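Each of the next two complexes has subunit A plus one more chain, namely subunit B in the first and subunit C in the second.
Take a look at the complex of A and B:
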C-alpha cells in the first residue's frame, strides 16, 4: 500500500467572534489550502467535510457548504466526529486506490450558536437529559474529579496546564480565542461545574482548518516537504456514564496503541505532541493514556518542564485546545500544527522526527483518534 | 484581529430546531421500571454473562453485547460515586443557584445512575457520601416520581 502524506493546509484565525460569514470563511480557507499545495480545484478527487448539523443549525449541512468547499460535482462525504476522524477517512479513500488527492475541510462557529448547549444534546434522552443540568463541561467535571481524587491532583495542576498552553498560544498568530492566562487568573475564574473553573474549559471559538492529502509518488511530486501519515488509531468507550471508568481514558490508550503499532514506533520516538485537551485535566490523562507517563504521573511532566515548548517532549506548542478550539476542526488543527513543526514553519520550532496529533469527540472524551506523523516516507 | 461589530437584528429566520421528537424505548422495560417507582422500589437488570447490575435498567450489556432478561431489585439508597456542582446552565450562562448532580451507585447495583442532589449543600458533598432517594409525595409510576437524592443525616 502506498503511504499517504499531508501536502498542503490552511487555517483561519481561530477567534472568539469571526466577522465573515460561514460561506466566506470556508471559501477563503479552501482557496488558501489549494494554493499551499500548488493545486487547483480540478485536481481534487475527493472532499471530506467535517462539521456538525447541530452546530450549523442546518440538516445535512454540507448540502449548503459544498460549493464553498470546492466539492461541486466531486466525490464528497462528511464526518460528524472530529476533523482528525475526517483525516482518517480521507487516508482510507486514498489507500483504496481510486483517488490520488483528497481534501479535508473541518470547521465550526461558536459565535453562531450556544456550543455547550449543542453538545449537551448528545446526552441520553431517556435517563440523562431529564434533569436539564448537564452539558459537556458537567460530564467532563465528573471525569476531572474522578481522576483528581484518584491521583491527588490539585486545582494548581489544572491551572498550570492552562498557563503553559495559553502562554504558547500567545505566540501562535492563529490561536486567538484565549490570550495568555496565568495560573492565578485561572484559579480566580468562576467555577463552571466543580472542580472545573471557566478558564479550565476550552474557549468558544470560530474557525476552519483545511488539509490536502496525496498518496505516494503524487505526494512527492506535489510537495517538497510532504508530512507522512505513519500510523492512525481510533477507538471508543461505552456511552453510558454510569458504566465508564472515569479515572482513565481507555479509548485513548487503545487508539494510541493501534497508531504506534501501525507506525512501527513507540512513545520514546515521539518528539512533539499536539492534544485536543478540551478540559485542562485531560492533558495529563491523555499523556498517560498514550504511554508517556505512568497512571497518575502525567502532571509531573508539566511540573518538571518536560512538556514546555523548550522541554524534552513539547506538548501543545501551538497553544492546544485551551487557546483555541473550533469544535470539529480542533483535531485537524492538531495535525496541521504538527505538520508545520515537522516542516520547520512554526513560530516556536521544535526538533522532531515524529509527532503525535490527537482528536476526540463525545462526552468526557468518549471517542479518541491518534495520528502519528513523520518527515520520512 | 477582526473587529467586533455590534449586531443589529433586521430580520429573523428560524434558527432553533423546531422538530418535535417522540423517542421510543422498550416499553416492556420502561413500564416495569416506572411501575415499581410508585412503590418506592428501584428495579434493575442483570447481565447473566458478566454479572453487572444496571439501574436504571439497560436492555442490553454494552460490554458483552447481549440482551438482558434477568430482573432484580436494588435499594433506594446508595453512595455518591462522583458529583459536580453546576454554577452554569447548559448554555454556559451562570445559574441563579448552584445545582448538584451526582452519579450514584445504588446498594446492590454495579452501574451508576445520574441524578440531582436536593436539600444538600455543596460543602456537604464528597465522593462516598451516603444518599437516599427523595420520593414524590404522590407517585404516579413515572420517572418524575424520583425528585432526586439527598444526603443521609
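Take a look at the complex of A and C:
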C-alpha cells in the first residue's frame, strides 16, 4: 500500500448568505481545486461527495449535483456524515489500488434551509423527537451542562473559546460567517438552550470545500508540497441520550487513539490542531479526548494561552467551526486548513511537522473522525 | 447581508407522511403510559432497568423480557431551558426540558418540566409525573413533570 497525500484544494468564502446558485458554487470551487492540483477533470478516477439529503431537500441529492462536481460518467459515491468522513472514504478507495486520483466535494447552504431543524431529524423518532422541543443545540446543551457541572466550568470558559476562535477567524478571508466576537458580547447574547447562548453555537453558514488526493508517486509527481495522510481514526458511540456519559466524548478518544496508532506518533508530536467545535464547550472536551489535557483540564490550555495562535499548541488558527460552519463541509475545511498551514500558505503561519484535523456528526458529537497530516512521506 | 442574486424557488413536494411501527416493547410502554403507568424492562445479566423499555441491554447485549413498573416520581439528571424552537427561531415562552431518572429505573426519560421558575431548576430536583387528563397511546399522555409534593 502506498501512502496518500492531499495534492490540491479549494474552498469558497464561508458566509451566512452566499449569492450564487448551488450548482455555480460547486462548479466554481471544483474548478479551482482542479487548477490548484494542476489537473483536469479527465484525470480524476473517483469522486466522493459529502452532503445531506435533508440539507438539499432532495433524496440521493448527489444525482442533482454530481455534474457540477465533475463526476459525470465517473466512479462516484456519497457520504452523508462529515466531509472528513468523505476524505477517509476517498483514502480507502486509493489504498484499494483501483484509483490514483480522488476528489472530495463537501458542501451545504444554511441560507437555503433550516439547519437546526434538519439536524433535529436525526433524533430518535419514536420518543425523543415526539416532544417537538430538542434539536442539535438542545442535545449539545445537555452535554454542556453535564460536562460543566462535573468539572466546574463557567460561562466565561465557553465565551473565551468563542473569543479566541472568532478572533483568529477574523484574519481568515474565507471564514466570514461570524466576525471577531468578544467574551462580553458572547455573555450578552440571548440564551439558546441553556447553558448555551446564541454565540456559543456554530453560525449558519453557506460554503463548499474540495480536496484532491493522490497515492504515492503520483502525489509526488503532481505536487511540490504534498500533505501526507499519516493516520485516520473514526468511531461512534451509543445513540440514546440517556445511555451516554456526556461528561466525555468516548468516540473521539477512540478515533484519536486509532489515528495516532496508525501514524506512529502521539499527542506530543502534534504542532497544530483544527477542531470542528460546533458548540463552544466541545473545544476543551475534544482536547481532553485527544490526550492533550487530563479530563476536566482542557480549559486551562486556553486560559494559559497554550491554544492561542501564538501558543505552544495552536487550536483553530483558522477560526474553527465557531467562525464558519457549513455543515458537511466543516471537517474537510479543518483538513484543508491544516494542509495550508503545513505548506506555509496560511495568513497566520504556525510551525508544525504534524497537524490534527477533526470532524464530527450526530447529536452532541456522537460520531468523531480524526486525521493526522504531515509534511514528510 | 447581501440579497440572494437569484430568486429562491420553494421545495414543492406533496405531503410525505411517515410512520414508525414501534414494536412490542415501546407499544407496551405507550399502552401503559395511557393508563398513567411507566413500564421498564430489566436486564437479566446486569439488572439495569431501562425506561422506555427496549429489547437489548446497551452494555450486556442480551435480550431483556422482564417488564417492571417504575414509579412516577424521580430526580432530575440533566436539563436545558429551551429559548429556541426546533428550527432555531426564538420561543415566546421558554420550555424547561429534562432527563428524569424515575425511582426504580436506571436510565433517564425525557419530558417537559413545569411548575418551577427556569432559574430555580437544579440537577437532583425531585419531580413527579403529571399525566394528561385524557391520555391516549402517545407521548402526550405524559403531560409534564412537576416538583414533587406540589400535587398534580
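Heads up, the rule we're going with is that the second predicted complex is superposed on the first by the 377 of 377 C-alpha atoms of A that agree within 3 Å, B and C clash if a C-alpha of one lies under 4 Å from a C-alpha of the other, contacts with A are read in each partner's own complex, and residues count from 1 in each chain.
The definition used in the following text is that contacts are C-beta pairs under 8 Å (C-beta built on N, C-alpha and C of every residue); 3 or more make two chains touch, one makes a residue touch a chain.
Quick caveat, the model's predicted, so the values are computed rather than measured.
Once the two complexes are overlaid through subunit A, subunit B and subunit C clash, as defined at the top of the document.
When both complexes are overlaid on chain A, the residue A:194 reaches subunit B and subunit C alike.
Shared-chain residue A:13: touches subunit B; no touch with subunit C. Contact with both subunit B and subunit C is seen for A:138 once the two complexes are overlaid on the shared chain. In the superposed model, A:92 lies in contact with neither subunit B nor subunit C.
Contacts of A:176 after superposition on the shared chain: subunit B is touched, whereas subunit C is not. Looking at the shared chain after the overlay, A:242 reaches both subunit B and subunit C. Applying the stated contact rule after C-alpha superposition, one finds that A:21 touches subunit C and leaves subunit B untouched. By the document's definition of touching, both partners, subunit B and subunit C, reach A:116. Across the two superposed structures, the residue set of subunit A contacted by subunit B and also by subunit C is 17, 19-20, 57, 114-117, 120, 125-128, 130-135, 137-138, 141-142, 145-146, 149, 190-196, 204, 238, 240-243, 246.
Residues 1-6, 8, 11, 13, 20, 22, 26, 52, 58, 77-84, 86-88, 90, 94-95, 97, 99, 107-112, 118, 123, 138-139 of subunit C are the ones that touch subunit A when the two sit in their complex.
Across the interface of their complex, subunit B is touched by residues 13, 15, 17-20, 57, 114-117, 120, 125-128, 130-135, 137-138, 141-142, 145-146, 149, 176, 190-196, 204, 238-243, 246 of subunit A.
Of all the residues in subunit B, the ones that touch subunit A in their complex are 1-5, 15-17, 21, 23, 25, 30, 52, 54, 56, 58, 62-63, 82-88, 90-92, 94, 99, 101, 103, 111-116, 122, 127, 143-144.
Those residues of subunit A whose C-beta lies close enough to touch subunit C in the complex are 16-17, 19-21, 57, 111-112, 114-117, 120, 125-128, 130-135, 137-138, 141-142, 145-146, 149, 190-196, 204, 238, 240-243, 246.
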